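Okay, so chain A shows up in both of these, paired with chain B first and chain C after.
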Partner chain A sequence: MPLARRIPPGTRQPGGEPRRIRGTTARRRLAADRFGRWLVAAGGVGIIATILGILLFILIEVWPLFGGARVEPLAGVRDARLDPAALVIDEYRTHAVSLDRDGRVRIVDLERGVVDDELPLAGDVGAPDGPPTALAPVSGRPVVAGGFADGRVVVRTVSFAISFDDTGRRLVAPEVSAPTVLAAPGTEGRTVVRLAVAASPAGDELAVAAAWADGTLHVFHTTREENDFTGEVETSVEDRPLEPLAGGPPAALAVSARGERVLAATADGRLALYEAGDPRPSSVSGPGAPVTALTWLVGDRAAVVGRKDGAIEVWFPIRDRGETRSRIVFVRAFPPRDAPIAVLAPSLRNKGFVALDRGGGAGLYHSTSRRTLWRGEAGEAARTLVLAPRADGLLVGGSGQLALWRVDNPHPEISLGTLFGKVWYEGYPGPAWVWQSTGGTDDAEPKLSLVPLLVGTLKGTFYSLILAIPIGVLGAMYASQFMHPRLRNAVKPVVEIMAALPSVVLGFLAGLWLAPLIQRVFPGLLLTLVLVPLAVIAAGAVWHRLPARLRHRVPDGLEVVAFAAAIVAAMWLSFELSPWVESMVFGGSFPDWIHAVSGIPYDQRNAVIVGIAMGFAVIPIIFSVAEDAFSNVPRTLISGSLALGASRWQTVTRIVLPTASPGIFSAVMIGFGRAIGETMIVLMATGNTPIMSWFPFNGFRTLSANIAVEIPEAPYGGTLYRTLFFSALLLFALTFVINTVAEVVRQRLRGRYADL
Partner chain B sequence: MTTRWLTTILILAGALVPTGSAALAQAMKVDADVPTYHATRSVAGSLNSVGSDTMNNLMTLWAEGFRRVHPSVKVQIEGKGSSTAPPALISGTAQLGPMSRRMKAAEIDAFEKKFGYKPLEIRAAVDALAVYVNKDNPIERLTIEQVDAIFSKTRKCGATQPIDRWGQLGLTGSWAGKPISLYGRNSASGTYGYFKKHALCKGDFKDTVKEQPGSASVVQGVTEDLYGIGYSGVGYRTSGVKAVALSKDGKEFHGVEPESVYSGKYPLARFLYIYVNRPPNQPLDPLTREFLRYVLSRAGQEVVIKDGYLPLHAKLVARELAKLD
Partner chain C sequence: MTTPDSMPVPPKGAVPDAAAGRDPALDPGIEDPIFSVHGLSLHYGDKQALHDISIEIPRNRITAFIGPSGCGKSTFLRCFNRLNDLLDNVTIRGDILFEGRSIFSPEVEINTLRRRIGMVFQKSNPFPKSIYENIAYGPRIHGVRDRRRLDEIVERSLRAAALWDEVKDRLHDNALGLSGGQQQRLCIARAIAVEPDVVLLDEPCSALDPLATARIEELMQDLKENYTLIIVTHSMQQASRVSDYTAFLYLGRLIEYGVTEQLFIKPRKKETEDYITGRFG
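Showing the complex of A and B:
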């Protein structure tokens, strides 16, 4: 209660202890007094405790966002036959399939710690001589591939059949498909030297990139498509030759699940990007340290590159405006490791990946947030590793052993950098502040920058206050100092009732009725800014010239009723003239004119609409509190000023206004607090567009509206859920700081004018 | 709860406008082989449904029809977006989770973490996502590449230039210089996710897309805004808007007619799903089972047509019914 007069605590009678009064009434009164004091204190402490409790709750919800990942050993398997080049693990982390360097596929039961079964990769398709000459590194997907000295490539997919026994226990049965042989014309008898494999999440698409000893490059793409409506199944294999790289076969390969993007590393560390529809690389990067590991992240829009000097880098294919082909661009680097990078394996749940170096060091990283979430030792013997499909496990394979680690990595995508800094997201031309929290797919990259929301919050507040402050404060000044008391007694409650209008109704009207209306008559609205003051001045002049006899019949302060007619007439005229002004000044259409002048399109649901609608919610608050402040200026001051010969206007501007300034300041600040936290009006009257622009004729998205829009879809305890809580904390902090500053300023002002 | 109230208002507002889908409804008939509904047992109790806004009217109509057979059953329906269905199924506040897109792997994970098995997915109807423009807009057809260039800032479908004026789509005269005003759904919506995946090739929306809390308010927005364009399920089509014909390859254009949807030629056709919680090797809760049997019956599929969506084929109905046993 900013306006309540504060009574110094512990006011005592002079002479120490309060005087004891005899009699039962007095004692009862003392008891009631004590009870009252206790009740007020308890209420006050209760409120503070509740607010602190809310703050604590928000902090508890937000805290885990900034924690790292925990990785701990879970199970291990020892078997001398194992020597994995690639691994596949099921989503329940019960079974693994190991593609070993001897060319055999081994099925491992991780729970019992034994090798269940083994079979040759090539199967019975006419076994080529000797072990495979190239094995595809881990892709994260359930598919393995090997290439042989006779030029053939063999692919097998792995599936895990799930069933439940009578007790409800889940049974996982790994199945390895029959081998698919891929052969490209002209490669018979040439040794396959490098392979990469990828598959789509549903397993209906599969791509293999292969390189032969003479440098020949091919990409195979197989699809199996079932039309849901007709039930037809179509399978197809597409073989696309790629132009060989200069300087021999690639040092590393990566292919996207649809085969439309292949990344190949040259011996001198350049990256060549091949895209669908063209056998030549669309872009080749500059040279660097030799590439030792290469993979696409989930979604196939970003590649991670591991180099011999231990560097780990993220590269994007970027398509510039007006271009049909992409360039491969360096985006960000992670702290380098001490040994050459051996393996990079993507997470299938987020833009994270794991890295293993030749010294046995492992690490868990996240591309978007640039965070190193965990670093650890996988052991000297470690040769490869893979993240479980749910990114909750890490399977490390070395010669003669497999080790399963549990991964607890709840919020890898959040850092202060992603919340407040510019981030370069996949497919974007450069770093940007973006809020776009979800996509319909698992490989969508959440974009959780709070900066557009903060800008939106301040924009909404700004446009509502530039309307509400002048009207609210000047209205209060007029009502308290000039208006007839009878009229004032009617006006004040009416204005206060305005504050009781539900904001959802205001928002609804603003969005569906006001927005199209303003689009039509905005020039008229501008015209009112000119015509209404003119009309008032004109009415004043006319009033002045009326015979005194007539004027004195109207009580002081009721002239306004006569003026109201002039104001209404001026407004009517403004809107009547609107089409005329629009065609004369704005060339026929104001939205087109403003678009042409500013280069920013006019949006029907814009900041001006919100300013007007939110003004409705904020004006009554500012008016009411400011009116109290004006009314509380001591009459003696005013009488003194008038008695000394000052006019009423001089008294109001030089005496009343400064004295009431602390209260007016509070009024503005309370209005500010209301505007900054307002949800429903902005939710409904703007398009909730998270843009970064202060232009008055487009929309915005505020922190509060964003919470309202997104909290129902945010899974409990998830990253979005906690990020929304973080934005609530931000809102809390924002209002807290503003209120504190306001209170300090108010006390200063009050101190200055206290002597009056 | 205010948003729910709002949705109700918007639905009412939408209902007042004569629906263009009535014409569609007359032309359509449910496959003769779809079984009629017989109550196998009488059921009572209450059913809660939380999820898709696209399916809000559909669920309400199904509930009405179901209650005509089983009057003692109470059905409560809340539709704020498909993404609200998985949390409701997990917490047990709903038995039915209508969704206009398939569950994402992360959502299935969360469900499985609680129950140990995956939710049961039932395909309940066919929807075609329509791209709407104002009824006075002369544009008739768009390619997916153009739709992507209009709505997306990443243009992953391949367009080289963003499209922000109607002139870039070949409109002439006073339309040529007018900026395109974009309307879309909020991110909780399955329609938002589906559109992002299939019409934007998994790209990102422009920041200037005005996010609306429901399908009806997207249509409302485009009705009021002469230069607007928006997307929502075909069931929300009104006389104030026009659905444009779409093409994947720029050669063959297909409108939202049933033939092109069923043949798979209309590029934005999808299923509408109902997710339920069914423990393995155990029968489905009788009330839920009866409701789903009703949905997958002749009467239930006629309701689908009435609401402006497309019914399932007999073959699909049989496949979905088999999942219930």
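Showing the complex of A and C:
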């Protein structure tokens, strides 16, 4: 009973009876009042909570993108015989194959922690004298190779056969193939000093680059072909000699899976790139610190170089336009490590790699995003390491032991730099902003720059607003200030119905009807820009010359009907003249002409189409809000201005327009918000090409359309999926910032016109 | 009260010449009127608001229109500067001669007409601009560009409206920051900045306190020297205080028109007497 509480205690309450009646009424009213207040508050808080909830959900989906990798110990094997120079691990991280320095291949069961089997690398092909003189470092693929003092190179591939027992348990059976012996003419009896091996993803192609003590270089490319009918396996070997490097055998070697690109490091730290079809190097880089580790990343279009001073660098072979040979170009460097780099092992899943330095420090890196995802200690004894095929494990081998680490590295390719900065992708001549979420091949990297989409969003918004703002605002000004009220009462609802048109209909019409039409009659459209204003001016002049009696017969504000006829006639004339203008001015075809003049081909679905279609969607919003703003200017101000002898035009431009400016600003901002978030029209009326261009006659892709296009292709929880959520967050932020700025500006404007 | 020689004031309490066939209750015998209204009727759609009004407004005098609410006095006032043109559905019959020429003739430039016939509204309506810009607005739209000349006009108008001393230090502040009485005087200053011949005042003091009202009334006496003033007021005291001539309108008809003192002291019509003695209205 709030009413009773307000009476101070001890006060004599006059007339108990009437007070009670007042009390009951008040209580019921107060209850209704309280309920109403509660309901309104609940609604308001509910809306805020919903929006915050959506924001929170998006944030939760986006957050993992920017986390690093987690690496934790999983299993270990101790066996004194182990001394790996290279390692192979299976997909399920159950078995490993270690190529040890004593020239033996040992099969390790990682789950049980024992060495199951061992065999000599050379096998029964004739025992060369002593252990191998060179062992190929880790390639990430299931292949091992060693070179011997007699000049021979032996390669063995490893396969992991999967079967299931009665209980459904998975059984992995590692199997080491028979040795393949590679020998180059003229190298007999010479010691193999450096070796690199690579294999294609399917395992049917192998490449080995070898260097002998006298500096001879060869690259072998073996292709295994299985006859579908007979089941016979035929292996062909291609041997390609390379011109020796100046200054002796290379310090490090790397070979691509098909042998077409070999990278060799000289003693003074230069990188020499050999390409197929030419024994001489295509390109040699400048000198640097001695190279201690070298590997191609998956796809063989980027090489990682580790140096004695701890530097880790990425180099690309770049083929310039019109050239047949590539240059080897420095692209980026990672923070250097404290000790010389011992091993670099590529990931088979992405453009990541692991590095091990001689001090036992290990690191997980991603080339494109330039991120160091993890750094840790592998121990002083660590000699080599390899990433599991699914990039979910890291096997580190040292003298007498193997250690398996679990790697959780979901989104290595994303950083703020890759989302917004220029990134130098593999195969590109330089850094660029590119959106290309999937590639033609498995080893193509996703290119997830949001900048082309932001540019597309702003481009679409710009072209629609340059159409919608003048028409919307001036139309509203005319309708509210000059038009006859009877006509206005008909026009306003009609324009507002325009806003109710589903945007998918507009997009459909724009893409399938308007786009081909505009392509045909664009010169006519240009002509309307000239002829319609001329027609209006001419009509005005004629109107002015009409006898006053005739003019006064038409009520003020209805003369627009006569003007509309002039406008329609001018438009008709424009489109009738279109073919003539096209042949006179544009040489018969406007699309060809614009292509010739600008060098950019004309796209049928382009920014002009979107400008018109989206403008059509935005005009009613701007018109409606602006018309209200104009109409809300107090009549007394207009009368005051007219009573001073101002004309209607002077009154509108000097009094009405400034007074209505906060509302007009709101109208423009609401239109802006609509245009920036519009999806269906841009989806259907542009080619959705994520290009960076402000040219009006080509397409673009907006953030919103991108989400609609890509979300069906994005697996749940994947990098693309989270990146799309990030772009949603960006849209959210963009709208939020624009609305806030708009509101602040509007309040400030309104402050100037307060108390009206 | 000074009077130009060409404009003799009728002797106080004198009975107008009835011999000329005029109705003495409607015609106080004004020579050289600035406005002559002949048989003016006004319809809002089907509804007739003014019935056949004929009246002559004297030059450089204050004429008051009084009458109960809804009697059409404001509508009538708005005929003088054709502000009713803005409204839809208004039809006007009859004529108003300004300086002997019809204001409804097609040759009349309405903007020039309104410059010469200024108006002050019931609710003060300063533009949402600075004090200076409010005054300069009128001269500017009539083509005055010279800054020095504008400064002069602003100062002269504000002095004429007795506002100069109060606002001279804040000419560039927003006019909406002025008090109600100051805003109304600003509107008067704005009206006279374009140098009109006539100022129409539509209940200019209805929203003001007595002190502000007194200042405006004082101002009107000063302005009478140079301008013809027509004031619509619902306050009979105000009409009797400030005006030289008073017209009583009732239900859209002109009931009585005469020298103010005579109309208030010795009304000729019963309705007038009933109204001014407070029997209705």
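As a working rule, the second predicted complex is superposed on the first by the 700 of 756 C-alpha atoms of A that agree within 3 Å, B and C clash if a C-alpha of one lies under 4 Å from a C-alpha of the other, contacts with A are read in each partner's own complex, and residues count from 1 in each chain.
Heads up, the rule we're going with is that a residue touches a chain if its C-beta (ideal position, glycine included) is under 8 Å from a C-beta of that chain, and two chains touch if they have at least 3 such contacts.
Keep in mind that this is a model prediction, so the values were computed, not measured.
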For this session: Kindly say whether there is room for both chain B and chain C on chain A in the superposition, answering fit or clash.
Result: fit
Exercise. First (chain B), second (chain C), both or neither: which does A:A613 touch?
Worked result: neither
For this session: With the two complexes superposed on chain A, say which partner A:L731 touches: chain B (first), chain C (second), both, or neither.
Result: neither
Problem set entry | chain A residues touched - chain C or chain B, whichever exceeds | B
For this session: Quick one: classify A:A566 as touching chain B (first), chain C (second), both or neither.
Result: neither
Problem set entry | Which of chain B and chain C A:A643 touches, first, second, both or neither | second
For this session: Based on the superposed arrangement, let me know which partner A:A548 touches: chain B (first), chain C (second), both, or neither?
Result: second
Seminar exercise, completed: When the two complexes are superposed, chain B comes to within a least CA distance of chain C, in Å, of 48
Seminar exercise, completed: Interface residues of chain A shared by chain B and chain C, listed none
Seminar exercise, completed: Counting only contacts in the complex, chain C reaches chain A at residues 81, 83, 86, 88, 106, 111-116, 118-119, 121, 123, 125, 127-129, 137-138, 141-142, 174, 176, 187, 190-191, 194
Seminar exercise, completed: Counting only contacts in the complex, chain B reaches chain A at residues 2-3, 5-6, 9, 13, 80-81, 83-84, 86-87, 91, 101, 104-107, 109-110, 116-117, 126, 153-156, 158, 160-162, 164, 177-179, 181, 183, 186-188, 190, 192-197, 202-205, 207-213, 220, 224-225, 228, 261-264, 269, 271, 279-281, 313, 315-316
Problem set entry | Residues of chain A that touch chain C when the two form their complex | 484-485, 548-549, 552, 634, 636-647, 650, 654-655, 658-659, 752-756
Problem set entry | Touch list for chain A against partner chain B, complex | 163-164, 166, 168, 170, 201, 227-231, 299, 319, 321-324, 348-349, 389-390, 425, 427-428, 434, 436-444, 447, 452, 504, 508, 512, 515-516, 592, 595, 601-605, 680, 683-684, 686-692, 698-699, 701, 708-710, 712-713, 715-716
